[in-house]
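So that you can tell them apart, the chains are marked A, B and C in the order they are listed, and the count of residues begins at 1 in each.
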Amino acid sequence: MRKELPMFIGVLAGLAVIFDRYFVLGRNLGLTATLDDWSVVMDGMMFAVGFINLTRLHYLNVKRRRAGFIYSIVLLVTMYGYLALALYETVDGPNATFIFDNVFRTMGSTMYGMIAFFIASAAYRAFRVRTREATLMLVAAVLVMIGKAPVGDALVAGWDPLAEWILNVINTGGMKGILLGAYLGAFATALRVLLGLERAHLGGAAK
Amino acid sequence: MNFWDRMQDIDVRIIYIVIFLVCTIAVIKPLGLPIAISNTTVQAFETMDSLEPGDVVWLDAAYSPGSESELNPMVLAVAHHAFKKDLKVVTFALWNMGQKIVQPLIEDRAEHFGKEYGVDWVNLGFRPAALMVLRAMRDGIHDAVGGVDDFGTPLSELPLMDPDNPNAVLELNDKYVDLIVVFETGSPGTVDYLTYVALEYDIPIFPALVQVSVPGALAYVQSGDYSGLIPGLRGAAEYQILAGAPPTAATGTDAQSLGALAITAFIILGNLGYLLGRKNAA
Amino acid sequence: MLVSTDAGIWIGAISTIAIWSFLVGDNPLWRVAESIFVALAAAWSAAYMWHNYIWPTFSTQIAVEGKYLLIIPVIIGLLIYTRYFPGVSWLARYPMSFWIGYSAGYILAFQPQPFVNQVTSSFIKFGGATTGETINNILLFIAIIGTLMYFFFTVKRDNPVMVIGSTFGRWTIMIALGAAFGSTALFRLSLLLGRIQYIFGDWLQIAGG
């Protein structure tokens, strides 16, 4: 029953939503409204999972003196130090906000932006006109990249409308096909969960 | 290694330096390239422009600090347009730092137009299980967000959300909200608003998207589900022009142009080395 | 050139350069910056949740407003932490299973509508106001059908219709992927520009910022 009962609860919750959506009686019972409020509280209670996972991992690194354990010490000291500060003065407090704005936000933006370098080097190394399909992909990439930046029209009049055409006609056609497949895949997976065929989240193999 | 092989094997650090230099040059000395306005941006602009003073626009900050460079100019432009038209603005965040990022941006435009927090705009902040909260807000915002805004102020003390005010925004549906705009990096985002709110209540919706999400989102523009779209940094520059907002995005598009040219040049170089090297070997 | 005297901007600039140092290669400055970034993300989220949600749930909703039934989801939510104790880790299945079943229900309840919109909008009227529009409508329809045909892996490709259709679909997908790459490159460039504007505008005050 250790797997069957949780699965049964999950299936009931899913069926409650479907019943609420498609039947007037379901809507009148207001099951989904209650379950929505409960799921918000449940999700809130899980707030420390990531925090605990990081603590366990890096504590073990330090305890066993694994390679790079110094950085684990830096992480743990920073994490608990900032947590103490933010709990004391809230995340809107002057010092917590200072650190968030000037350290975290700048680092986050920088990490995301650094990928521009990797994209350039990856495109240089990997984009080769080896096959017809690879050539199509390369040409489309260049046309859209230059066309959607203002320089496209400045270089060759009509480059922007060409890029627009690629995006609005060919790309949209391809993306709609992929989107339809994605929706059908989501429905199939959801149905498998509600029929009890999908058990990976319970620690079992799918049937 | 012959010349053609060397052309295919340039040290990546040289590529990094070139990309950095071309972008820096354009930032220090902007080119002033003209920006043509795309149809999707015009459609988005006209959707908001068709609203009447007093109508409510729901903004969602579904992004993290990593995407600020592209989305912050859009927030400025849309907030500028909204306050210029005397619309009421309610902000929520599907991502857990979005509300902190947009607060000073919307505040800046609100002050510019003399708008008051609590009367003309409210920041509801972020809540755990944001998608569940989104669904719960359809039937009542007060209970769904725990009765307070992002700063812990009871909603009953904010005229825009006070149940005793006949013009208050009490639910996320067509009775109270006239337009939804989502500033989005990924999921959860506009598709969730579309699925659970916009289609359900027939509320116009458009996303202000990072460029990477634009190809996928165009399918929803084609189907008519989205009433336009603001595409990336260039879209931000376009919307700033249309709305008359401060042009903070234009410099970026110039540097983006040069960066794109540099990447293209390297791709061509690599392929020249490949093709001519192959021909030579044959 | 007047360098900024704002301590926050100096710290931001140093943080930016520390992250960028990874481009030269893995180094201690990058590792320290990476550790600090991960630590701040976890700590900020936990503190925000505690102050803005967890504490108000107990102190206001349960204690003051008397919503005692909320204790049930509190207990179910707390069961997730049993995963750290091998003897009782099976209890963590309850909140996980609830979440997955609940989400599955929402998918089947709400996502058919946008799906049907995508299907109906795929049946495009070919005739447009101009010849160009008509050609575009036909191409769009063929692109959609071709892409779907490409993904029919269980149908034999031994007839000309399937071969031509799936080939055209493959080309469409390659063009779409190329457009996606081009868009991704522009996106990442704009994020990089934000940092360059910060360094040269806000910190070194060379650019307009």
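As a working rule, contacts are C-beta pairs under 8 Å (C-beta built on N, C-alpha and C of every residue); 3 or more make two chains touch, one makes a residue touch a chain.
Predicted, not measured: the structure shown is a model, and the values here were computed from it.
Judged by the touch criterion defined above, the protein chains are all mutually in contact, each touching every other. Across all inter-chain contacts, the pair with the most C-beta pairs is A-C.
When every chain is reduced to the mean of its C-alpha atoms, the one closest to the centre of the whole protein set is C. With respect to chain B, maximal separation of chain centres occurs for A (centres as means of Cα atoms). The distance from the centre of chain A to the centre of chain C, with each centre set as the mean of the Cα atoms, comes to 4 Å. Taking the mean of the C-alpha atoms as each chain's centre, chain A and chain B sit 17 Å apart. Chain B and chain C have CA centres that are 14 Å apart. Within chain C, residues 23, 44-45, 48-49, 53, 57, 106, 110-111, 114, 118, 121, 140, 176, 179-180, 183-186, 188-189, 191-195 each touch two or more of the remaining chains. For chain B, residues touching at least two other chains, in rising order: 16, 19-20, 66-69, 127-128, 135, 211, 214-216, 219, 222-223, 232, 234, 256, 259-260, 263.
Residues of chain A in contact with at least two other chains: 37, 39, 42-44, 46-47, 91, 100, 104, 108-109, 111-113, 116-117, 119-120, 123, 138, 142, 145, 148-149, 167-168, 171-172, 175-176, 179. Residue ranges of chain C in contact with chain A, taken from their complex: 8-9, 11-13, 15-16, 18-20, 22-23, 31-51, 53-54, 57, 70, 72-74, 76-78, 80-81, 84, 90, 93-112, 114-115, 118-119, 121-122, 136, 139-148, 150-151, 169-186, 188-189, 191-195, 198.
Per the touch definition, chain B reaches chain A in the complex via residues 8, 10, 12, 15-16, 19-20, 33-36, 38-39, 64-69, 100-101, 127-129, 132-133, 135-136, 139, 143-144, 151, 211, 214-216, 218-219, 222-223, 231-232, 234, 253-254, 256-264, 266-267, 269-271, 274-275.
By the touch rule above, chain C contacts chain B in their complex via residues 23-24, 44-45, 48-49, 52-53, 56-57, 60-61, 106, 110-111, 113-114, 117-118, 120-121, 140, 176, 179-180, 183-197, 200-201, 206-208. Chain A makes touch with chain B in their complex at residues 32-33, 36-37, 39-40, 42-44, 46-47, 91-92, 100, 104-105, 108-109, 111-113, 116-117, 119-121, 123-125, 127-129, 138, 142, 145-146, 148-154, 160, 164, 167-168, 171-172, 175-176, 179. Residues 13, 16, 19-20, 23-24, 27-28, 30, 66-70, 96-97, 125-128, 135, 146-148, 150, 152, 191, 194-196, 199-200, 210-216, 219-220, 222-225, 232-234, 251-252, 255-256, 259-260, 263 of chain B are the ones that touch chain C when the two sit in their complex.
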